[in-house]
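Take this structure, written in structure tokens, and hold onto it; I'll ask about it next.
We just call them A, B and C in the order they show up, numbering each chain from 1.
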Amino acid sequence: MSEHGTESAGDQVRQPGTAGRLDQGLDQRLDQAQVEGSGGIPERFTNPGLPPHVPRSADLDEKAARRAERQVATLFGISMVATVVFLVAYFAIDQRTYSFIPGIGLASLSNIVLGVSLGVSLLCIGLGAVHWAKTLMPDTEVTEDRHPQRSSDEARRDAVETMAAGGAASQLGRRPLIKYTLGGALGLFAIPLLVQLTGSLGPLPKDGLSTTFWRKGMRLMRDPEMTPIKVSDVTLGSVFHVMPEGIDKSPHVLEEKGKAAVILISLPPEAIKVPKESSWGHDGIVAYSKICTHVGCPVGLYEHRTHHLLCPCHQSTFDVTQDCAVIFGPAHRPLPQLQITVDAEGYLVAAAPFLQPVGPSFWERG
Amino acid sequence: MSPTATPKGAAGLRAKDVKPQEPAKGSKAVAGGLAGWVDDRTSVAKPTSYLLKKVFPDHWSFMLGEIAMFSLIILLVTGTFLTFWFVPSAGRVIYNGSYVPLRGIPMSEAFKSTVDISFDVRGGLIVRQIHHWSALLFTVSITVHMFRVFFTGAFRKPREINWVIGTILSLLAINEGFTGYSLPDDLLSGTGIRAAEGFMQSVPVVGSYLAYFIFGGAFPGEAIIPRLFTVHVLLLPAVIIGLFTAHIVLVAVHKHTQYPGPGKTNDNVVGYPMMPVYMAKAGGFLFIVFGITTLMAALVTINPIWLYGPYDPSPVTAGSQPDWYMGFADGALRLFPGFTEFNIFGFTLSLNVFIPSLIVMPLLYSIAGAYPFIESWVTGDKREHHLLDRPRNAPTRTGLGVMAISFYLILFLAAGNDLIAIKLGLSINDITQSLRVLLIVVPPLSYWVTKRICMSLQRRDHDLVLHGRESGRVVRTAEGRFFEVHEPLPEHERWALVQHETLTPLPLTAKVDASGVQRKRNRGEYLRAKVSSFYFADGVHPVTPADLVAAHHDGSAHEAIETGQDSQDQDSGGQHWVGQLHGGAEERPERDAYASHEDGADRGPGSAP
Amino acid sequence: MNALGSHRRHPAAILILLLLGLVATGGLYSLLAPRPAQAAVGTADDMSAGKKLFLANCATCHGISGTGGKAGAVPTLLGVGAAAVDFQVGTGRMPLAGTGLPQAPRGNKVMFTQTQIASLAAYVATLGPGPSIPDSQYTNGDGSIARGNELFKVNCAMCHNFAGSGGALTRGKYAPSLRNVTGTHIYEAMATGPQSMPVFNDQNLSPTDKNDIISYLHDLDKNKNPGGLSLGNLGPVSEGMFVWIFGLGLMIGAAVWLGSKAA
């Protein structure tokens, strides 16, 4: 009437006295399991004790010891010399001096000399001290005994009793009013600290992540020159890095640039496979958000023969002939397209702002 | 007791005070001078002599943690210098310093102050480079130290707390590094912060709020650099120093572990005392670490921010990677497939960003931190362990460790996929796809290979003890038989190979307990027995004296065990080969000339298999 | 046994055998590997030198009248201009050494003399108007280094790396290193958009802009590394490799020395 199912063949039942070693705790020494007094072969090998000490040459020979002393002193001496070199070089070498160092090329002389002299001065102290310890300080191994980490039962009992006695003396157990209000006070006091730390964090995103600087009619400007782009300037296979007109006058330039960066690409109109892409562009010239939809790096690597746009951070690849759909890599959403058109003077302008949020995804993006 | 009567009045109040002891005239002054002054006020003599007598075992692998400790000191010292010159502000300025390629370029104050440190502050560049190289060495040494502690089983009782502290320190160290290299606000690290903002945005429900709160508005904002500065200079160092202090105090309390060897037991520490040997060696090693770091900083450029240029959201560089210790997270981002971003009821769940950036790191570190408890549950071993395991003697643990490292390493390699592509002339697409496959295939394979290697090494040790080393001398005995003389291992060398204990799988507790009452086993027990069996079922047990006896078929058993012969003795005595002759037909059981020495099989000819 | 025999079980023996094997194989390969073919030169007669060179070396792939071939796999040369020819042939990219994706070749030798290249370029220019070889005032590298830096970072660094050390593109393509390239070739590459590189015509980056970029790159070529060895200017990956191999290696070496017994 076993309620636990049958035991499988591999189950071993623990018999008392044999495999119980593992749970015995402190009594079992790990190195000796001899069967005492049986006169037979010991159950395990015994520890042979420390191997015989082999003296070093400096232990036996005073000349060797003196040589070691000289070696240590030389190292310390080199350190002192190096320190002096550092001090002199610090004031003497001009910051702007570049010298040719074999193996490195033209490097800042000040950096090299200060660094090498400081490094040598530190290193030689270390080498000297270690060499001294190895050759002259005693190298006979010393044994220190360990004691179990566990405190004695007496100590434990004493601690518990002190706590208990103190607790009883505080009358906390007898004074429930104190107990509950103490709990309440302690539970609450940390809240003001947290609120102070986090309460002023902000601002709320609102539509910050969903809108960009782009507005209808804004000219496309070259980044970083901030000059407008004429359609006739754009030749087949070219790439322009674009910012909206007026962004450099914005009070939050970098924040706006971080959302408004656009890449303008010119490809053969017949290569574009998606009608919407053609209509939002102008004669094969298309503009897409440059902010990668993965985690936001600028997607700038345009391969003009394959029409692929590559992001250098995590290698998300977008196909410009297919409305920048993702064809490789960890991004999911295609790059949003900026509708462009040409104004009366022949400059490229935005026909509308971005119609979806640019950049990495976020929960309420939709 | 004073013989005079107690004086009256105020003087009486002082009559019973203890008078300061004058040292007895003529005896040697006991710790005069400064030491005495301090001791008078702190009673520090006893703890001082306790500390100075402390014994530390000597092995180079115990110095790896020290490299980390000394790197931390170097970081604090050089970092303090840097804070005197660095301006943690995102305010815009135009550069007009000595570095020509940046003249007239607008940049943040943080970037400008870093360029000034590099070019216009005397010795600024060397200190900046020492600081950054030291940061890399800090994380590298923490990692190898962690490997050493893991593979030797030094995390077992009583050191589980220290292992957890160490795991937390490791996590804090890599974040300290990230905040540190992001401070100069250069193009490369700024791209990293941009990616970090993308990670925050990907958090479900609260992502956009988290990003706006941390950045104080839209990316990049003016708040992030000063906030990173506070975290890097104040918060994280304070926690790191506190935890690290607890870490070494625990080492002092537990005493350091030691490798098994002759004379070393679980109840002693064999090594050299702090005074004078370890003070010189450890103190010297501090200077060596500092010296090597400084020489590296003198001769090899690191983080040339003047070449990267100031951060701007529009440009980016090819080969954008974080510092090495964040590589595994970057690699995870590159490998994670994009189809895992979902649109649910109008909300976007970006698992392709959320999991690799914010889940992988804490998950790996949590598993690492929990490991000692997992292993002690599996073994049921509640003893204190102060003797280290040789990794081969814990094959499953070693295999699991290598498996974890191979998983980490593949993620790490993935972060450099574009550099691998251009240096080896391969396609990044192929590299990425291959690494995705390898990430699944290689870890179990490496576990299996490592475990088999460990077991082979254990069998090799087993054979070495039983049969000694071949000496290449062939002897012909009087009866006309040929043997090769094997030199048995000297006792001191043999001890390290036989002292270990191979654990056996934990059996299920009896269905019926001592009083004949049926015990109910819970699922946890079955799981435990299964995992324990996975860990220990195929163990290679260490050689016992009985095994050695059985292997020496020429009846010289006792001498073989007890004398621990020195081969030199044998030559002088003529033909007196004690337990050294091997080879020849007798040594192998007749049924199988190539039977390996597995447990149970190695009982010599004529005994039951 | 003799000295060599006594070392046959030395742990380094297998390593030495392996090294000998590798050296032997490498040496045999370098002796016996086939050499690349030399460029063909046209025969002397009344055809223009450029046309002769073209027909002998380029027409097989690009067509007799330079219209391209293989259904677009080989691009047309109509309208590429003298600049493209000067760049492609002058840097050794063309004639294409092997089959495969159009790609900046690694370490190809230039097959023609400068005069031959000039006549080839002149001939191709007659096939259709295109960018001409730039004037030296825009390729001398005397422009503003700082402005060139700014332009380089926005337009070039994402493919070529912040210091022009090169970077990966998709499917095995790459943007090559820009170290030690002449100002003329840099200009021509920007103007003609070779292989995967987009076209940066003079209305996108003006000739002065291009000269500024050239100035910046030539300043980098001076190889001033204030901090020491540059490790290729490839960023944190090479720094990480260096610290793991040399940094940690030296530290462990010091630790091993520290723990070993003195003589």
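Keep this in mind: contacts are C-beta pairs under 8 Å (C-beta built on N, C-alpha and C of every residue); 3 or more make two chains touch, one makes a residue touch a chain.
Quick caveat, the model's predicted, so the values are computed rather than measured.
Engineer: Suppose every chain is reduced to the average of its Cα atoms; which one is closest to the average of all protein Cα atoms?
Structural biologist: The most central chain here turns out to be A.
Engineer: Compared with chain B, which chain's mean CA position is the farthest off?
Structural biologist: C
Engineer: Which of the two pairs, A-B or A-C, is linked by more C-beta contacts?
Structural biologist: A-B
Engineer: Find the geometric centre of each of chain B and chain C from their Cα atoms only, then give the gap between the two centres in Å, rounded to an integer.
Structural biologist: Whole-Å distance between the two chain centres: 43.
Engineer: Distance between chain A and chain B based on Cα centroids, please, to the nearest Å.
Structural biologist: Centre separation, chain A to chain B: 17 Å.
Engineer: Report the inter-centroid distance (CA atoms only) between chain A and chain C in whole Å.
Structural biologist: Measuring from centre to centre gives 33 Å for this pair.
Engineer: Please list all residues of chain A that touch 2 or more other chains.
Structural biologist: 104, 108, 111-112, 115, 126, 130, 134, 139, 223-224, 241, 298, 300-301, 312, 315, 328
Engineer: Can you list the chain B residues in contact with two or more other chains?
Structural biologist: Chain B, residues with two or more chain partners: 119, 125, 129, 281, 284-285, 288-289, 292-293, 297-299, 312, 314-320, 417-418, 428-429.
Engineer: What parts of chain C, by residue number, touch at least two of the other chains?
Structural biologist: Correct list: 150, 154, 158-159, 167, 170-171, 175, 225-230, 254, 258.
Engineer: If we count contacts the way the header does, which residues on chain C are in touch with chain A in the complex?
Structural biologist: Residues in contact with chain A: 102, 150-151, 154-155, 158-159, 167, 169-171, 173, 175, 193, 195-201, 203-204, 209, 222-230, 254, 257-258, 260-263.
Engineer: Spell out the residues on chain A that touch chain C in their complex, using ranges where they run on.
Structural biologist: Against chain C, the touching part of chain A is residues 54, 56-58, 68, 98, 101, 103-108, 111-112, 115, 126, 130-131, 134-135, 139, 222-225, 230, 232-241, 265, 298, 300-306, 308, 310, 312, 315, 317, 328.
Engineer: Can you name the residues of chain C that touch chain B in the complex?
Structural biologist: Those in contact with chain B are residues 106, 145-150, 153-154, 157-163, 165-168, 170-172, 174-175, 216, 219, 225-231, 233-240, 242-244, 246-248, 250-252, 254-256, 258-259.
Engineer: Give every residue of chain A touching chain B within the complex, in rising order.
Structural biologist: 2-4, 7, 10-14, 19, 22-26, 28-31, 41-45, 47-51, 90, 95-96, 104, 108, 110-112, 114-116, 118-130, 132-134, 137-139, 141-146, 148-149, 198, 201-205, 208-209, 223-224, 241, 243, 252, 254-255, 257-259, 261, 290-291, 294-298, 300-301, 312-316, 326, 328-333, 359-366
Engineer: Quick one: which bits of chain B touch chain C in the complex? Just the residue numbers, please.
Structural biologist: 58-61, 63-64, 67, 100-105, 118-119, 125, 129, 133, 136-137, 140-141, 144, 187-188, 281, 284-285, 288-289, 292-293, 296-304, 306-309, 312, 314-324, 327, 415-419, 421-422, 425-430
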